[in-house]
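See the structures that follow.
Below are two complexes that have chain A in common, paired first with chain B and then with chain C.
And now, the complex of A and B:
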């Protein structure tokens, strides 16, 4: 079919509203991030001047930025394996039997649906040093109680547990979709061939065939974990003493509390590079495996 | 599968029940605390069902201490407006990208794929500056406008339309329908499964979104549910746990009720949009 004039016109007309909005709300803001990062702009300024790499040099010398970056990576390094493993184990266990499947699936998915902000307030109450259920349980079991969110040594890990709690059900659903695509007769064949136990069958069939889904879940989990913000803002405000300062929280504080837009834009570029880098890793790994998700 | 022994089944349930305890514990604590009087909340003994019920006290205190109804209505208005406008903008674009040949189609689709990679928080600073200069901060427009364009919606519906047979479109053209009426009268009905999945994704994301509302509005008449619960907690200085948990229950309940009523659709929708 050749490019007919009327189809050309219709096509352009139909994408016009989306194009205008995309220019205004996606393209312009995204490009201005890359301009702002090289200026000294602060919200409300009448003019701005270009300062070259000054914002980035300031970042390199800023311990808060490094703390924020490393906290984000630590948080991610806990939440990603945690929520993937719990999601995969849940999916395998649910799939291994027939009873109560939908009860478990619903129960595990509930945290994904619930407003994280409201549930963060509940977690704060559960972690309350004097009348929270967590410390009550610790005491009953003979362990020392903690001030979970005020202890700089553990606060980030406590937030990571909340992150795992919130996201593993999402991973479980993706893994279950992947499991349902694996033909059942492969397992029967493996059993007939004498593959001895469930673990051997898992290694032989489930794990390799699930690989594209696993890669996808990993990438999505990493990107979502880089976006941690709600629990930090609601529960710790980046504290105590920057122990839970993470990238989005730093961007928020710089951009919307101190209105240092240029500085916030420079951190945003680091954030974008991280997120886009992880997404591109996925394409590389898919090409290598010759698989498609 | 193979014949299952009793021990394997018992192990499966034991493991799943302990994961379920982890998943459901916060909900149990929330609801249980929301019906307890203060003296039982601050007592040392853990009791799931209170000796003296304080349902009326806590819930009426929650509704009177903060305009919770207003926050809920704001949440409904904002999420509904976002979804409606997203479909209005995305459906014609998705149809054009899937079924029409026009100048710049590949560039447009490439742009969609590129934007899929960027989380919206990354452009929050310039969006905020833009809305500041046009004077739209602190309004419903600030909450809705930036999300009217959903590259994810365009992508999802476009992929779905690729699977719709060209004959359907050609037949409509033979009947003399314009391209615009094909979009709304032929493609919209065909797209219902994709739009349901996208609707679940969009409503859940925007009902629960905290970052953008936090940035975009400051008067509590525009607060969405997550901002509302934070305002409530800060106003109560985090001490009046009964009404606070009642407020959290009220904020969480509508979406969870919807989810429990249509779980299959929700879970399939999320899996569908997740795997794309």
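And now, the complex of A and C:
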């Protein structure tokens, strides 16, 4: 089927606004980042010169960058399974119960809506080494108190726990939407066929039918966990000694505190590649699912 | 109705005839300085009816301030006067955004006698040229919880004068088991307190030609040893700045070493919980000691000669005795101008804790900014090394840490 010239023109006119906006707000800034990454530019300079891969070579030698990258991956490896599992369990519990459903839904969703920066202040007080409620509880239960945010060995995991607390409500809502899409008669049929218990029903029906939602939740969780910034900025500033330095915070520090725009742009490219990689994974898995169905 | 219009028109022409030059001014921290700047502009317009001051929307904080004026430097849209963090004068001078004040100063008679002393000019100087005059400054001082100090057997007449005495006092407070003895806010802005400790011993950050690290000399060795003793002997807790302030205000820390700019907030938070007293920074030695000024500085960014002249008048007023007095009354920062204190006698009698740092003014010097493209990155490197001492992990090998800190800093300095 071929389109007439006027249809063609109409089509082009229709996609024009979207493409202009995409060019202006997506491709232009992205390509300027790519250009900056290969220059020695610093904020405020009136000129710049190209330095080839120098910024990337500097990154390869920079222990802060490697620490930041590995911290981001560790953080993600804790937060993604944690927030997915907690999100799924709470969704199943709320879905199974009949009373107070909307109350629980709202309560668990609250941290997602609250400003993380404001919540960070609350966490800071709770985690205070000498009179925080967390240490007071630990002492009352007979455990040794910790200097949560200043102990390089645990600070990143403390931030990860805050990350889970903040994001599992979002996953819960997504899982609940997925659950409500599963036809009830499947469960009735399974019961008539004699599935022994809830776990078997979950394995046989809920989990497989939730798969597309689970993939979506996994991918968004990974990307969101890569984007952790507020808690780091508010609570630890990447410290102590880079123990909680994550990619986004490094970009911020390099670009806006040290004014090393070229370095910041180079890290941004690494970050973009990571996110694009994860999105591609999702694309591939969706395709595979589509092909087998 | 017609009368109002005529009156408005008349006052408009009147003000137009007077306001020949308009200067735009931009400053950070609106929550601290809105009232200050408003009163400044009012008082200034009474003295200089020919100059009109207009404010741009304030910067959020120092980072925002530096970023915005750097961007505006590229587009050519800078204000005429900008207030910036004191350690950012250098980057603005390097990028040729700040206007040198040397010619203006040379044309002034009795500039020293008006209270604009040498230390004040040094604070805004880069490579021997003055680019800004400090406006609202802070210096390092010591905060005492007098209840804990008295329990340890000292009183306001026997407060420590040296780090040795602070560490002794801290040990006694530790021994009571109620609170931590001492904590210094070593992490503030990355290296401000480190500079204070090195400058106090007569040291410098780099050699005079700025090619080599100098903080690993004798002054630096003493400074790092003191920090290590705070961590080991005085068992200084390892906390963030916010946690430290909360703990001190709750009576859980006996002695706190940090900036004067916290006096107002700490006084409010402490309330009636205990008696708060401030003391001068320890080990001040005449002829040796220098102390770096924190806070903000007024810089001229105007392009035309006419605006630069008007901007200079505003700068002189804001950083002069009268402007300084307005600033102190409205903020709790210190005025660097030595004549401002004369106008503030009543204020300082009512707020003795604010007055303590006045005796440190003669030792005022610049908050050093490292040269080159990695200047601000160096701050971060120093902070990380200090962290490894203050959390105790490497407190026993302080000199080795100092050597590494010097090597890492050296690697980031411009190669010539």
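In the analysis below, the second predicted complex is superposed on the first by the 265 of 293 C-alpha atoms of A that agree within 3 Å, B and C clash if a C-alpha of one lies under 4 Å from a C-alpha of the other, contacts with A are read in each partner's own complex, and residues count from 1 in each chain.
Here is the rule we use: a residue touches a chain if its C-beta (ideal position, glycine included) is under 8 Å from a C-beta of that chain, and two chains touch if they have at least 3 such contacts.
Small disclaimer: the values here were computed from a predicted structure and weren't measured.
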{"item": "Touching partner for A:125 - first (chain B), second (chain C), both, neither", "value": "both"}
{"item": "Comparing the two partners chain B and chain C, which touches a greater set of residues in chain A", "value": "B"}
{"item": "First (chain B), second (chain C), both or neither touched by A:75", "value": "neither"}
{"item": "Which of chain B and chain C A:96 touches, first, second, both or neither", "value": "first"}
{"item": "Partner chain in contact with A:256 - chain B first, chain C second, else both or neither", "value": "both"}
{"item": "Partner chain(s) touched by A:43 [first = chain B, second = chain C, both, neither]", "value": "both"}
{"item": "Partner chain(s) touched by A:177 [first = chain B, second = chain C, both, neither]", "value": "first"}
{"item": "Partner chain(s) touched by A:240 [first = chain B, second = chain C, both, neither]", "value": "second"}
{"item": "Residues of chain A that lie at the interface with chain B and also at the interface with chain C", "value": "43, 124-125, 131, 256"}
{"item": "Chain C - residues contacting chain A, complex", "value": "63, 66-67, 70-71, 73-74, 91, 95, 97, 180, 187, 237-240, 242-243, 246-247, 250, 252, 373-374, 376-377, 380, 383-384, 387-388, 391"}
{"item": "Touch list for chain B against partner chain A, complex", "value": "1-2, 4, 8-9, 12-13, 15-16, 19-20, 22-27, 29-30, 33, 41-44, 46, 88-90, 92-93, 95-97, 100-105, 108, 111, 115, 117-119, 121-130, 132, 145-146, 148-149, 151, 154, 179-180, 183, 204, 207-208, 210-211, 214-215, 225-226, 229-230, 233, 238, 241, 244-245, 248, 251-252, 255-256, 259-260, 263, 266-267, 270-271, 274-275"}
{"item": "Touch list for chain A against partner chain B, complex", "value": "1, 3-4, 7-15, 17-19, 21-22, 24-30, 32-33, 36, 43, 86, 89-90, 93-94, 96-97, 99-100, 102-119, 121-126, 131, 133, 136-137, 165, 169-170, 173-174, 176-177, 184, 187, 191, 213, 216, 220, 223, 227, 229-230, 233-234, 248, 251-252, 255-256, 261, 264-265, 268, 271-272, 275-276, 279, 293"}
{"item": "Residue ranges of chain A in contact with chain C within the complex", "value": "40, 42-46, 124-125, 128-131, 147, 149-150, 152, 235-236, 239-242, 253-254, 256-260"}
